[in-house]
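The data blocks that follow each hold one structure.
In what follows, chain A forms one complex with chain B and a second complex with chain C.
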Partner chain A sequence: MLRISLDKLDTLFAKIAEKQKLYIPSDREDGSAEYMEWSEGRKLSNALNTVRSAKEFFFPQTESLVDFKLSGKNIEVIDIRKETEDFVVFGVRACDARSFGILDKVFLSDPVDSYYQNRRNHGTIVTMACTRPSETCFCTAFGIDPTAPEGDAACFTDGSFLYIKANNDRGEAFVSSVSSLFEDGDTAELEKVQAKTKEVLGILPLSGLSTEAFGGDKLNKLFGSEKWAELSESCIGCGTCTFVCPTCQCYDIKDFNTGHEIKRFRCWDSCMYSDFTKMAHGNPRLTQLERFRQRFMHKLVYFPANNNGELGCVGCGRCLTKCPISMNIVKVMKALEAE
Partner chain B sequence: MNNDTLIPHIGVVTDIRIDTPDVKTFRVISPEGGKVFEHMPGQCAMLSIPGVGEAMFSITSSPTNKDFMEFSIKKCGCLTNWLHLMETGQQITIRGPYGNAFPVETELKGKDLLFIAGGIGLAPLRSVINYVRDNRENYGDVQIIYGSRSKQDLVDYDEILNEWMNDPNISVNLTIDNAQDDWDGHVGFVPNFVTELNPSTSRTVLVCGPPIMIKFTLNALKALGFEETQVYTTMELRMKCGVGKCGRCNIGNKYVCKDGPVFRYDQLGELPDEY
Partner chain C sequence: MQEAIINKAKELLADGRVDRVIGWKKGEFSYDITPAVFETAEEIDAEFVCNDFTSANVSKYLVKETKKDGTVLAFLKPCDTYSFNQLVKEHRIDASKVYTVGIPCDGKLDPEKIKQKGISGIRSIEKDGDMLKIDTVYGDETLKISDAMSERCLSCKSRKHVCYDELIGEDGDVISSNRFDMVEQLENMSAQERYDFWRSQLSKCIRCNACRNVCPACTCEKCVFDNDDSGISNKAAADSFEENMFHVIRAFHVAGRCTDCGECSRVCPQNIPLHLLNRKFIKDINSLYGEYQAGADTDSRAPLTDYKQSDCEASVVHERGVE
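Up next is the complex of A and B:
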């Protein structure tokens, strides 16, 4: 398999960045990792994952949709869309890589969202296999193998070398564009690391999490569960879970008057918020119970009902580490599976 | 780059009719003349004043009207207040059509129809009623039961009085909530009026109105022997995108903007009670 010594990563990044923008997970001053644009001196983070997911490369937290100019009674509609420049996201974990497939089912289904599609068409995803999964990881419950991630091309490491393989045509093009830096090498050491990682995956505290109780046919059984009251009782509706979630895709559309024109933009929104469904005539989800239930029912029942049973969670564990009241999808699944 | 549904068209408001103290009907055409797009009865459109807001409204006019679209809009929030302040000639943005339609070309064809509306709930049904009137040979008997708070709150009273009530092929039954001096018609709530009128259970029913009126009307219909599979309604939830992506109008695995807004009652019964 093609490999490059880990101490030559900077050379690899420089080569990639010659032709297009490159984003890698890198450490902030507080030690947490975020995707940052690579430039000379920027180091790849050792963290297991970034605080925020990689979804914002394709579905940014805010993005302009269209501009309007008003004059008297007239309105001018200005299409501000531009073809995105090619870019590479390097170091995406298997969980986040799977989330793109889930977002695709929303944004690329008819009618196609051209803003998302534009970014998707120009982004190359280079994933990185996990070697040190944490106790908040449960991607394997959703059939994800973190030692063999999806993405256009996948990278693996044994601690000394970075190995690379293409998963599709775009990945082939990427690998061939950097292959001059790689050499063919033996994978014996890598296989040892992969076997050890798999062993760890098997003994992680959430490794036995079952998804059997969930799916599109469980609506009536789960919606009416009495557990929702207790589960949602402490939820403060902060929406942190939705913002760090790689598969949450609800959005708001708002207008901003710059003084020169009106900019219509969309931004992430959360079904956990009290005004999410509020209308002039009332609100169908009046209490946090309904809002809380909506988020989990959507991932565990409604989304699978429309997508051949695929659940809307990838087990990245971000909601486990970030929820201020320590509520999360795992607790919800465990409480509901007894229903 | 392909067109994106989130980028709206321009519409020109060419006529504004005051229907009730809080309902106006706006006529909208494209700046080049004619309709901005075609639709089927029951479908909706996103109307917006840039900088103020954007919201989903049912298209009140029938698609058989080839010259313009009409929207009957009740003043009840920021955007609708602004719309009510408009003068003719004002441009707005419009995108759509969104959602499904009443099955006028399939299930409703050849059927005896009963329309039941309360207040502004007449707006989406008016599109169907006028579609049926313009294709009269395709449908059986037509009965309309419509009620409002007062005589002044009956939306588009002139059309009801001068066209529908003069149409020998349609029977119209009006009611208002409380008696008033210039009213010699029926007084009382719509659901009770439906029970009193005792319509034939052979009819297919289309209901729209405030949620509480729909609920009691359905109970009245059931008591009269109507099946849920005979009754259609149209729903309203908050919407932003109009195409099932922003997540707002999600009920169960359905999105009201794209899988609705028209639902048959038995289909609605399969969804969680969250609307």
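Up next is the complex of A and C:
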């Protein structure tokens, strides 16, 4: 397999960045990792994952959609869409890589979201296999293999080398653009590391998590469950879980009056918020119980109902680590399943 | 200590003194604790915990709990008692519907600090003298307890419970803490350095609202930032100015009411040191109006809602702002 020594990572990054913007997970001053644009000196993080997911590259937290200018009685509509430049996101984990497939089902099905599509068409995703999954990881429950991530091209490491393999045409083009830095090498060490990681995946605390109780046909049973009251009881409705989640996809569209024009923009929204889907008559979900239930029903029932049974969670564990009250999808699944 | 607390809860439930108990419920791992209300001894036996990770301050939940019928038992750490008092003072909690039991605290641990040491795959965490013994899928690990201590506990201001109906263990004292050291460091920076510090911190904000929603001083029925009719409601910062303003406005709104409980910084997913903003206000109030600790009592007049002839003149802002 093609490989490059890990101490030549900087050379590899420099080569990629010659032609297009490159983003890699890198450590911040407070010890957490975040995707950052690569420039000379920026180091790849050892952290398992970033606080914010990689969805932001395609579905940013805020983006302008269209501008309106008023002149007399006329409203001029200004289309501000521009073709995105090519970019590479390097080091995406298998869980986040799967989340793009989930977001695609929402944004690329009819009617196609041209803003999202524009970015998707120009982004190359280079994934990185996991070697040190954490206790909060449960991607395997969704059929994800973190030792063989999806993405346009996938990288693997045995601690000394970085191996690379294309998963599709875009990945082929990417690999051939950097292959001059790689050499063909033996994969014996890598296979050992992969076998070790698989072993760890089998003994992680959440490795036995079952998804059987969930799916599009479980609506009535789960919606009416008595467990929701207890599960949602101490939820503070902050929305942290939705903002860090790689598959949460809801947004709000708002108008911003700059004084001389209107900027219509969209921003991430959260079903946990009191004004989520607020309509003329008010909010359809009056209590935090209903809002809380929406998030999990969406992932475990509504999304699969509309997408051939595919669940809307990828087991990244972000909501497990970041919820202020440590309430999360795993606790919800276990409680509902026990019913 | 957990045993004593559990016994106390069951005893008060059994003799009808209280109808519910607010405390903490254990999770999947050692550290993922959820605040919860218990109604029976069976529930308590099965799930109640009070350990090094039960750091969530339950006083704000009492706003909701005391709107219900019956009496609720709340276990409060020293710092939580300040929040409780402040909420009583602001008439947000009906104190007659709460039975408070003060519990001792020698500092809570921050799971994120443990993970940032590279410890992963945690199965259990146990105390052994001044060390933590951590069982992980990658083997055993050890860590000094002081290296895992929450930031706020490292600069704890008081081991004293300022209110309680009953106490478990001995009460502590108000302690001299180093909590203003970092504020002083910020004050000693040039205006540009300070601006850069806050820009780099606040630009990490994802406006998840965890800081606001967890804050015991933020109990407005409808926050101005959630109110569509306010003209400034927003779910995401449209520009960097707004991003700063959310925090500055919030800090002003809780000034004189913030007890420095540290919940905001504890919950921030982006590790923004929000407590430093509030501590700057506390420090300024102390120096401009005389020592004041929000939540220390329920009847004194707060400096910012009181007028004394000796109050500082507004020109202080100008004088201090000059470099």
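FYI, the second predicted complex is superposed on the first by the 337 of 339 C-alpha atoms of A that agree within 3 Å, B and C clash if a C-alpha of one lies under 4 Å from a C-alpha of the other, contacts with A are read in each partner's own complex, and residues count from 1 in each chain.
Throughout what follows, a contact is a pair of C-beta atoms (placed from the backbone, for glycine too) under 8 Å apart; a residue touches a chain by one contact, two chains touch by 3 or more.
Bear in mind that the values here come from a model prediction, so they are computed numbers and not experimental data.
In the superposed model, A:74 makes contact with chain B only, not with chain C. Looking at the shared chain after the overlay, A:243 reaches chain C, while chain B stays out of its contact range. Contacts of A:269 after superposition on the shared chain: both chain B and chain C are touched.
When both complexes are overlaid on chain A, the residue A:87 reaches neither chain B nor chain C.
Look at A:278: by the touch rule set out above, it reaches both chain B and chain C.
Of the two partner chains placed by the overlay, only chain C lies in contact with A:234; chain B stays clear of it. By the touch criterion defined above, A:135 lies against chain C but remains apart from chain B after alignment on the C-alpha atoms of chain A.
Once chain A of one complex is fitted onto chain A of the other, the partner contacts of A:51 are limited to chain C, with no touch recorded for chain B.
When the two structures are aligned on the shared chain, A:252 is found in touch with chain B and with chain C. Note: residues 252, 269, 278 of chain A belong to the chain B contact set and to the chain C contact set alike, using the contact criterion stated above.
In the complex of the two chains, the chain B residues touching chain A come out as 1-10, 50-54, 76-77, 80, 87, 89-93, 210-211, 236-238, 240-241, 243-253, 272, 274-275. The residues of chain A lying in touch with chain B in their complex are 65-66, 68, 70, 73-75, 77, 79, 81, 83, 106-107, 109, 111-115, 118, 216, 219, 223, 249-253, 255, 257, 262, 264, 266, 269, 271, 276-282, 284-285, 290, 294, 297-298, 301-303, 305-306. Chain A contributes residues 28-32, 34, 46, 48, 51-52, 61-62, 132-136, 200, 203-206, 230, 233-234, 236-240, 243-244, 252, 254, 256, 265, 267-270, 273-275, 278, 320-322, 324-328, 330-331, 334 to its touches with chain C in the complex.
Residues of chain C that touch chain A in their complex: 27-29, 31-37, 56, 61, 111-112, 115-116, 118, 120-123, 136-138, 200, 204, 206-210, 212-214, 222, 226, 228, 233-238, 266-267, 269-271.
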